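Following this line, the structures themselves.
Two complexes come next, and they have one chain in common, chain A, joined by chain B in the first and chain C in the second.
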Partner chain A sequence: MTIGLYHPGRSPLHRASAGAKVAGLLVLSLALFLVPSEIVVFASVPLAFAVYLSTGVPFRSLLAQLRGPAILLGIIFAFHLVFGTVAEGLLAVARFATLILLASAVTLTTPVSAMAELVEWGLGPLRPLGVNPAKVGLAIALSIRFVPLIAEEFRLIREAQAARGLAANPLALIVPLVIRTLKSADELADAIEARGYES
Partner chain B sequence: MRHCTIRKRGRETRMIVLEAVSHDFDGRPVLDGIDCALAERRIGIVGANGSGKSTFARLLNGLVLPKAGRVLIDGVDTRKDVKAIRRKVGFVFQNPDHQIVMPIVAEDLAFGLKARKVPKGEIDARIDAALSRYQLGHLRERPVHLLSGGEKQLVAMSAVLVTEPELVVFDEPTTLLDLRNRNRVADAIDALPHPVLVVSHDLELIAGFDRVLMIEDGRIAADGLPGEVLPFYRERMR
Partner chain C sequence: MSRDVSTRDIVYIALFAALMAAINLVPAFQVGFLPVPITAQTLGVMLAGALIGAKRGALAILLFVLLVALGLPLLSGGHGGLSVFFGPTAGFIIAWPFAAFVTGWLTEINWRRMNAVLFFVFSAIGGIGVVYLIGIPWLAMVAKLSLWDAAMGSLIFVPGDLIKAAVAAVIAETVRRSYPLMQAAR
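Presenting the complex of A and B:
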């Protein structure tokens, strides 16, 4: 299983700091919606694709990662076809495609730990309000870590049920999945404690 | 019940002392009046499922605090200074997927070092050294979920060893592994310079240890050299 996250490499984007990449992404995202020129918006798509390619991640992996977003873009376009015009649909798709490509380029080239540190730094000023930035950073890292674990648990439960002749039933899948995930979370909490983590 | 005579073998090491330790989970007793002092370099713990052996191991890292009695590691009471205990005692869990916290190998090794406030400049060098111990350098930037079971277990071990504990506790480290990976992990444990305590059903793994304890119904049912305890344990498991 692949998840659209950090891919090690030595591209210029890999070398850039997480803060600079996220700040750049924010500025470009805002500009994309504030700039009135449609030409600029349409021109941004190939540029964003070039940035995406510059990550150095194998082309096949890059394309595979775009399958999910492509469905989303299709839905956005269909929505505009029904409730708006083709031109509006194309413009919306161009904007979202640019955002998705740039955001993917950032996540592909930024380790989770660097992203978590950035979040911790960003939330620092909220400490007086009771926010614990270290815990938020850890929660982000754990959420990402859990994605493949939950997917694997799902596969095992589905296989176990299929082996017993049970048809796919959402409830019969979700209940054991939640129980097993909670158990895993409990053990992971023990491990975090055992490894000396103090928030 | 039989208690074997302890004949110490090998170099003595850090002292683990359990004094009248009892523990229960929601009223269900798991350990009952355990008294022992362990100073050998290689200690094995065996017992049936539910016998209390994993709880015994977890007491040593302060993951479980005894309801009665006390646990001392090198004279430090786990109840009084759990932070110091965590620095002294590394703990390797049965399932590396439940131990590895970060999505990338190097990030996970850095996790324990950051928790110990190791300077940033030192972290990379220590990660490289820890990974090279098991020829895992090529996995440094690899996503953890793409590793094999054996690689994950070795990464989990490396993540503990990188923090330089004085004692390493393993809770069934080979249970989930195939034979090749089991052998890799067994060799890795064997080569460790650290004192280790291993809870295991893998009797071959602990056959060459200095001392083995058999736990049964929350009590030490046998204690001695592997050659004495393991045949007794096999007999009890019939």
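Presenting the complex of A and C:
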């Protein structure tokens, strides 16, 4: 089972390790803001798009994912057009387009579990500061497990209210959801403690 | 997470992060006189601070933001992944854990006299004040806009945010009255 935005495949990016991809992304993003050459920034957009396409994810879902960011960049470009210069606007939009494309490519080709492992590994050096990577890992695993359960709970409450002829009302939905969540948190904590889990 | 975070705290943090994700399933709703739809996202941020306190609330939202970064499409409209943090509005999302902390801290020090009005004020200070204080300069810096332009562009979201603070206040007050365990848990 795959969860999240990850798309299984066999592209070169899929085969690269999560650490290498994230490190590369960070270096490139820093470089893009430090390099003064505009030509490099503009040339990076088609390159980033090529990388994005190389993930081998169906073209239609690639385009669908870009719609939200595209609208946002359009608004920013409009602001530059009205209050600044066209050149500045193009430069800002080109930078974002490159970074958003590359970051999406990393997310599309890296399973959530590989990213979670990377986080646990990255937190290792923070141990002396009192950060326990194993506890962070437990928290990540628990919440990933509980997202679908709470979403199901949400749907049940909504259906129960609809069956009684109530319209969707955020207040009436969220109060029972919060209370049920607090209750299940208490029960779950009791269950974990009863089994002597201490890390 | 720091030394004095118990297993019980971790469960609360994890479940509230999941709850934040579920709250984002509430479809964005349009209010007649407002130009932009209202999404439930910062509602979860305000509630986390108001209901489980500063530290646990902030960690719950931090965990939620981490889940988004790991590649789960948990933001409103099914967005997520690393690209969110490289876009122009990343500052608003990175501000959320701080916002939950401020709302939670104000709630904790006033816990004995909390009511709907105070919940509203504290939700607004955290969920609007802190979020904009970090998000707007971030937007201005990375999008090369002037602070003024960035602030003006963000202004259309304020009425919706005020409505959310009011909704958060009513929810927090209802939960405070109907779930007495909250006091014991604190």
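Definition applied: the second predicted complex is superposed on the first by the 129 of 199 C-alpha atoms of A that agree within 3 Å, B and C clash if a C-alpha of one lies under 4 Å from a C-alpha of the other, contacts with A are read in each partner's own complex, and residues count from 1 in each chain.
The rule is short, and it goes like this: contacts are C-beta pairs under 8 Å (C-beta built on N, C-alpha and C of every residue); 3 or more make two chains touch, one makes a residue touch a chain.
For clarity, every value in this text was computed on a predicted model and none was experimentally measured.
By the touch criterion defined above, A:Leu142 lies against chain B and chain C together after alignment on the C-alpha atoms of chain A.
Judged by the touch definition given at the top, the superposed model places A:Pro58 against neither chain B nor chain C.
Once chain A of one complex is fitted onto chain A of the other, the partner contacts of A:Val175 are limited to chain C, with no touch recorded for chain B. If you count the residues of chain A touched by chain B and by chain C, you find the higher number for C.
Of the two partner chains placed by superposition, only chain B is touched by A:Gly196; chain C is not.
In the superposed model, A:Pro125 lies in contact with neither chain B nor chain C.
Judged by the touch definition given at the top, the superposed model places A:His80 against chain C, while chain B stays out of reach.
Of the two partner chains, chain B is the only one touched by A:Pro8; chain C is not.
Within chain A, the residues touching chain B in one complex and chain C in the other are 3, 5-6, 111-112, 138, 142, 144, 149, 184, 188, 192-193, 197-198. Put simply, chain A touches chain B in their complex at residues 1, 3, 5-6, 8, 111-113, 138, 141-142, 144-145, 148-149, 152, 184, 187-188, 190-198. Interface of chain B with chain A (complex): residues 58, 61, 63, 83, 86-87, 91, 93, 95, 97-104, 107, 110-112, 115-116, 141-145, 159-160, 163. If you check the complex, the residues on chain C that touch chain A are 1-3, 5, 7-8, 10-19, 21-23, 25-27, 29, 40, 43, 47, 51, 59, 63-64, 66-67, 69-74, 77, 79-89, 142-146, 149, 153, 167, 170-171, 174-175, 178-179, 181-182, 185. Of all residues in chain A, those touching chain C in their complex are 3-6, 22, 25, 29, 68-69, 72-73, 75-76, 79-80, 83-84, 88, 91-92, 96, 99-104, 106-108, 110-112, 115-116, 119, 129-132, 135-136, 138-140, 142-144, 146-147, 149-151, 153-154, 168, 170-171, 173-175, 177-179, 181-182, 184-186, 188-189, 192-193, 197-199.
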